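So that you can tell them apart, the chains are marked A, B, C and D in the order they are listed, and the count of residues begins at 1 in each.
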Amino acid sequence: MSAEKTVDLGQVQDIDVLNLSSLEERAKKVIGQGEFGYISEGSDDEYTKKRNTSAFNDVHLVPRVLQNVEEPDQTTEFLGRKLSSPILAAPIAGNTLAHESGEMGLAKGTKEAGVMMAQSTFASKTIAETAAVSAGAPYMFQLYMPKDWGYCKYLLDEARNAKASAIILTADSTLGGYREADVLNHYHLKGKIANLDGYNTGKDGVGAGGLFAESMQSLNLDLIDKLAAYSGLPVIIKGIQHPADADAAIKAGAAGIYVSNHGGRQLDGAPASIEVLPAIAKVVNHRVPVIFDSGVRRGTNVLKALASGADLVGVGRPFSYGLALGGWKGVAAVAEHLKMEINIAMQLTGSKTIEDVKNIQISHDLKF
Amino acid sequence: MSAEKTVDLGQVQDIDVLNLSSLEERAKKVIGQGEFGYISEGSDDEYTKKRNTSAFNDVHLVPRVLQNVEEPDQTTEFLGRKLSSPILAAPIAGNTLAHESGEMGLAKGTKEAGVMMAQSTFASKTIAETAAVSAGAPYMFQLYMPKDWGYCKYLLDEARNAKASAIILTADSTLGGYREADVLNHYHLKGKIANLDGYNTGKDGVGAGGLFAESMQSLNLDLIDKLAAYSGLPVIIKGIQHPADADAAIKAGAAGIYVSNHGGRQLDGAPASIEVLPAIAKVVNHRVPVIFDSGVRRGTNVLKALASGADLVGVGRPFSYGLALGGWKGVAAVAEHLKMEINIAMQLTGSKTIEDVKNIQISHDLKF
Amino acid sequence: MSAEKTVDLGQVQDIDVLNLSSLEERAKKVIGQGEFGYISEGSDDEYTKKRNTSAFNDVHLVPRVLQNVEEPDQTTEFLGRKLSSPILAAPIAGNTLAHESGEMGLAKGTKEAGVMMAQSTFASKTIAETAAVSAGAPYMFQLYMPKDWGYCKYLLDEARNAKASAIILTADSTLGGYREADVLNHYHLKGKIANLDGYNTGKDGVGAGGLFAESMQSLNLDLIDKLAAYSGLPVIIKGIQHPADADAAIKAGAAGIYVSNHGGRQLDGAPASIEVLPAIAKVVNHRVPVIFDSGVRRGTNVLKALASGADLVGVGRPFSYGLALGGWKGVAAVAEHLKMEINIAMQLTGSKTIEDVKNIQISHDLKF
Amino acid sequence: MSAEKTVDLGQVQDIDVLNLSSLEERAKKVIGQGEFGYISEGSDDEYTKKRNTSAFNDVHLVPRVLQNVEEPDQTTEFLGRKLSSPILAAPIAGNTLAHESGEMGLAKGTKEAGVMMAQSTFASKTIAETAAVSAGAPYMFQLYMPKDWGYCKYLLDEARNAKASAIILTADSTLGGYREADVLNHYHLKGKIANLDGYNTGKDGVGAGGLFAESMQSLNLDLIDKLAAYSGLPVIIKGIQHPADADAAIKAGAAGIYVSNHGGRQLDGAPASIEVLPAIAKVVNHRVPVIFDSGVRRGTNVLKALASGADLVGVGRPFSYGLALGGWKGVAAVAEHLKMEINIAMQLTGSKTIEDVKNIQISHDLKF
């Protein structure tokens, strides 16, 4: 606790949140053009990015009434951690693009709001810096598998030290999607990769260039056991879009399935994430928990994802925008707004608990 | 009759009604911004509000010809009351937001047009004030269940005195939807809650604040019997969107099912009201009458709802706009316009009576 | 022939036809506002009017190749009359709204193009005036059933004298649709009803007002026999949208089924005409010929209608616009342009004859 | 090789390719209005042209992960020729409309990029001129069947001399579609038909007018054997849109099926090319290879076509625009950009080879 006090989390301020979507235009004014392009863009024609959000309109929640609901309880557990809401601040690279406090601001904001966060390998702050702020709050580490096993071990060690609940192995990004905003802005992700700098510290004569552990392209199922064995942590696979991959990953030892299309930043032409969730959840069949992200902007989106089989629902860009606008207070405000919307949606669907939400009837075609 | 003469119904004037939708823009100019925002808005992204109307386009009426139809008869009965048309002025809170005469203007206009009205607990005029104008015309009372049983009994007593045909228990609004126009306008529903004032009258030392009987959140099926037993009136459940709720309500004693999503003001992401009607009507199976509202703007919408299983079709905002533009004469003009459109639609579909309308073939997919 | 020479067909000129849809904007500039509103409008929200045209996009023609097709033959027969193309100038009221020559111009233009025309009871020229121009060209008379049997007999006599191939009994217009352009333009169909004037001629002391034979609302199947018996002509029922009505009409003696929703001018909310055609054609099952109209603007639309079960395809407003722009030469130009498009479409679908066109595969869902 | 050096390929320059669609607006500025109209237009309302591209959005690729993919290999074979990518520069008439080098520039650009090209009968350069540049690179000749068998034999001889891998017989264009841009621009395809000039060279007293071998309209299946027998080359049928035509063509000796609707330039109202591909590929059942074109603008479009049954994927207008903007370097840049997008899409779908791509799951309705 006192550790936090010594940390500089940059300029912070309270922000009003009308809704999550409205933050984008506001954030655009305070983030550099290249940085904003990088955060907001999708790949190719942004079909999948746009469809991620619009596809939620095709999922209807059929409300129940006279269910004796009062003050619904949206607390939940994930991998043994108690959460104030089934919300995850989904892992995003380089949060100092949005705000000087980077992942530390994100850690502080999500901790205050009682929701989980995940930190990317490509974070702007080291795992240790972030953990100092997070200080035991629910936390996961997202791994972009390095080619260099030494660097990988370092990251896993740091994650374990940071009391990460799980390692999230990124499976859908062995190459970056083609993103035109970056081309138009002549933008290349700038700034230090904090964790890599941390790894190099104290090593003699090994420059960042020489040792640069670029990510491994050729991933396979064997990595799951390898990562779990070394780290002693549960391994969750992120970027699952096909039921067969979910099944294979679980059989290979995955402790969780993370359904995502990377916010439409990777394969354009992939289905909306919410479209593939039901078939995957059916195959998973509660063997392991399911995380979902891509396109979530409303409390009802969270309910739709839970009712479609998710256990934890990630939100990405809106947290970056909240961070940009208010530092950690902006992050907390985004989480609190979403919790407010979730609360109303639970009451109006007749759901007392998150378990009830999971049983809401989804009416794709109203054939009931 | 003479009672009416003594009542001041404010400024009235004849209005032209091109169609119901066109009234909104006109009313916007005569209603205050905050008040107009409150009346017109839906929740969240207004998806369900917009879908309520657009979904009618997916319901096609297949006309019949050479059916010997001339001067169709759109009169009908509802709970033993003879109506000139199967139209209900759906209950809306605080009608003085639209016009000084409030529910009294609504009562006069609907009475003149021979259609039914329903009055909200949150009306701007007391039940007694409204009943003085209504004077025996078809009338129902919509109950927002108070926490205070004393206040509830008062309301039921007043409704019975007003010769209400039924109590409509609001089941879908145990919490308000998230409505952004109010946030942007810094608007809070203003003015007195006339019925609550009426309840407090003559009570010593009990201020509105102390006694404020806010609505009960935790509703359940037992309320149906309780309300029916005390009031001796039929109890209709409003806000049904799931067939299972319709079935449970009837088994618990409900005398009617009111299919509605509150005009898209509550759970955004719920299906359009017209989309859920057929499945609910099928489960109800004529055990009790079915009321429908949400999105009705055309005579053909009324026919589509009747052909999908409704017995009475509610119209909300257009009556408020008519009231705003012309006082009770505006209300009557809205009803008469809608009756004109219904008359044409009945003739052109080959329907002599409302029973015929209920048998019009709906062609969702034209597979006949 | 020499009779034609004595007839004044007003100002005529050659017109270029880029496509049929493009004529509307051009015609708008030469027709009065009220008249243009009346010709172009649909009822209510014009949903059905717009859907009539857009629904053709949902009907895909699957072309065949290597079919040995060269110079396709689009000639056809209808009720024993040889036609240069399966096109009908669909009956439209009051053609002098568009051009001084009215139905006479229409008769001349369609005769020149070798296509059939139908004349409305509410024509601006008498049957005899039109027949003098038509002079034996393919012609049908569209009857709005008068209340006055004497007037009806007069019309039938005139139609028989004009060598009409059939009487088309209008079944879908026992009341006019609600059309807002007329309301906004304060427009009421003006000018003489030529046929009624013709009927009154020579009758002592019977003014148009007293004898005004407004149309009969209460039509039924018995009329078919009655009209056929008196006139000795085949009776075709226009405005069929339900297969059951087609079947009933044929059993009651109808010699043809005319599938139409009156160009979207009557019941708004009815399906597009092309959507109901296949189910009706299936029920008709070649017992009698099928005419189709509503929404046809392209040669491929004509092919789609034929491939969906039509034998003759009506085109309405575009002929009026052609008439407005060029008199009878404009009418002929519209027909010739459409024939050109039909010719290309036949060649490209691999159709040598109209019979081949009727066997083109329609691919609604590409499941083949 | 040295032969190429002596050839003048006009002005060339490197061009940046943001994406293929973006080239159209840029090319519009350097191509004449009539020429641009001719290249870019579709027929009638351009419904099929637009649907060709938009229909790809309805085809979702479901990515696989953890598949051990690194540096995917997009090389493939077609008719025994090794290709760097399954891309075909689809045959287009008159390429000097876009750039002075015409088909010679196209040949040079595609050769440099290692992809196949096809040359049209209506090319602006003779087969021999093009072959001099192509010099053994993968090449096919597209035949518009002449009425004059002598001219046809000449073309087949030239194609064989040019080492064409196949003759592509155009079956869908026995008449041109109705294209309004040409009408509006008063545009008629200008310039010499190089191959016809070549044929006439050295013939005494036979002027182009007298001998003009216009295309044969009345094509049939017997042509396949006739062309194959004379030329000794495989014959591929282009413009197949119906499975029955594919089957008949194979049974009549076709060595390949080319699914295409001519980029929406012929029958408007035909389905999108990608919509008919699966049913045709199913009937073909690997008896012969399948070429596909119409609407391809993205690397993911190529994958979608391959996963729907194609073996080679044609791209038309974008190569013309690349040619217009940079000469042969523009052509090569288009191919390289597309290969870059294909590479990313292969990596992100988990595809090591083109065979893997063909097994990607297409999720039309996500029912998996």
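The rule is short, and it goes like this: a residue touches a chain if its C-beta (ideal position, glycine included) is under 8 Å from a C-beta of that chain, and two chains touch if they have at least 3 such contacts.
Chain identities (UniProt): A, B, C, D = L-lactate oxidase.
Quick caveat, the model's predicted, so the values are computed rather than measured.
With steps allowed only between chains in touch, the distance from chain B (L-lactate oxidase) over to chain D (L-lactate oxidase) comes to 2.
Taking the definition of touch as given, a chain qualifies here only if it contacts chain A (L-lactate oxidase) and chain B (L-lactate oxidase) alike; none does. Under half of the residue numbers found at the chain B (L-lactate oxidase) and chain C (L-lactate oxidase) interface occur in both copies, marking it as a different-residue contact. Chain A (L-lactate oxidase) and chain D (L-lactate oxidase) have Cα centroids separated by 44 Å. Averaged C-alpha coordinates give centres for chain A (L-lactate oxidase) and chain C (L-lactate oxidase) that are 62 Å from one another. Within chain B (L-lactate oxidase), no positions touching two or more other chains are listed.
Contact between chains, using the touch rule, shows up for A-B, A-D, B-C, C-D.
For chain B (L-lactate oxidase) in complex with chain C (L-lactate oxidase), the residues that touch the partner chain are 18-19, 56-57, 59-71, 298-300, 303-304, 340-341, 344-345, 347-349, 361, 363, 366-368.
Interface of chain A (L-lactate oxidase) with chain D (L-lactate oxidase) (complex): residues 44-45, 47, 171-172, 174-178, 180, 183-184, 217-221, 223, 237, 239-245, 248-249, 261, 266-271, 275-276, 279.
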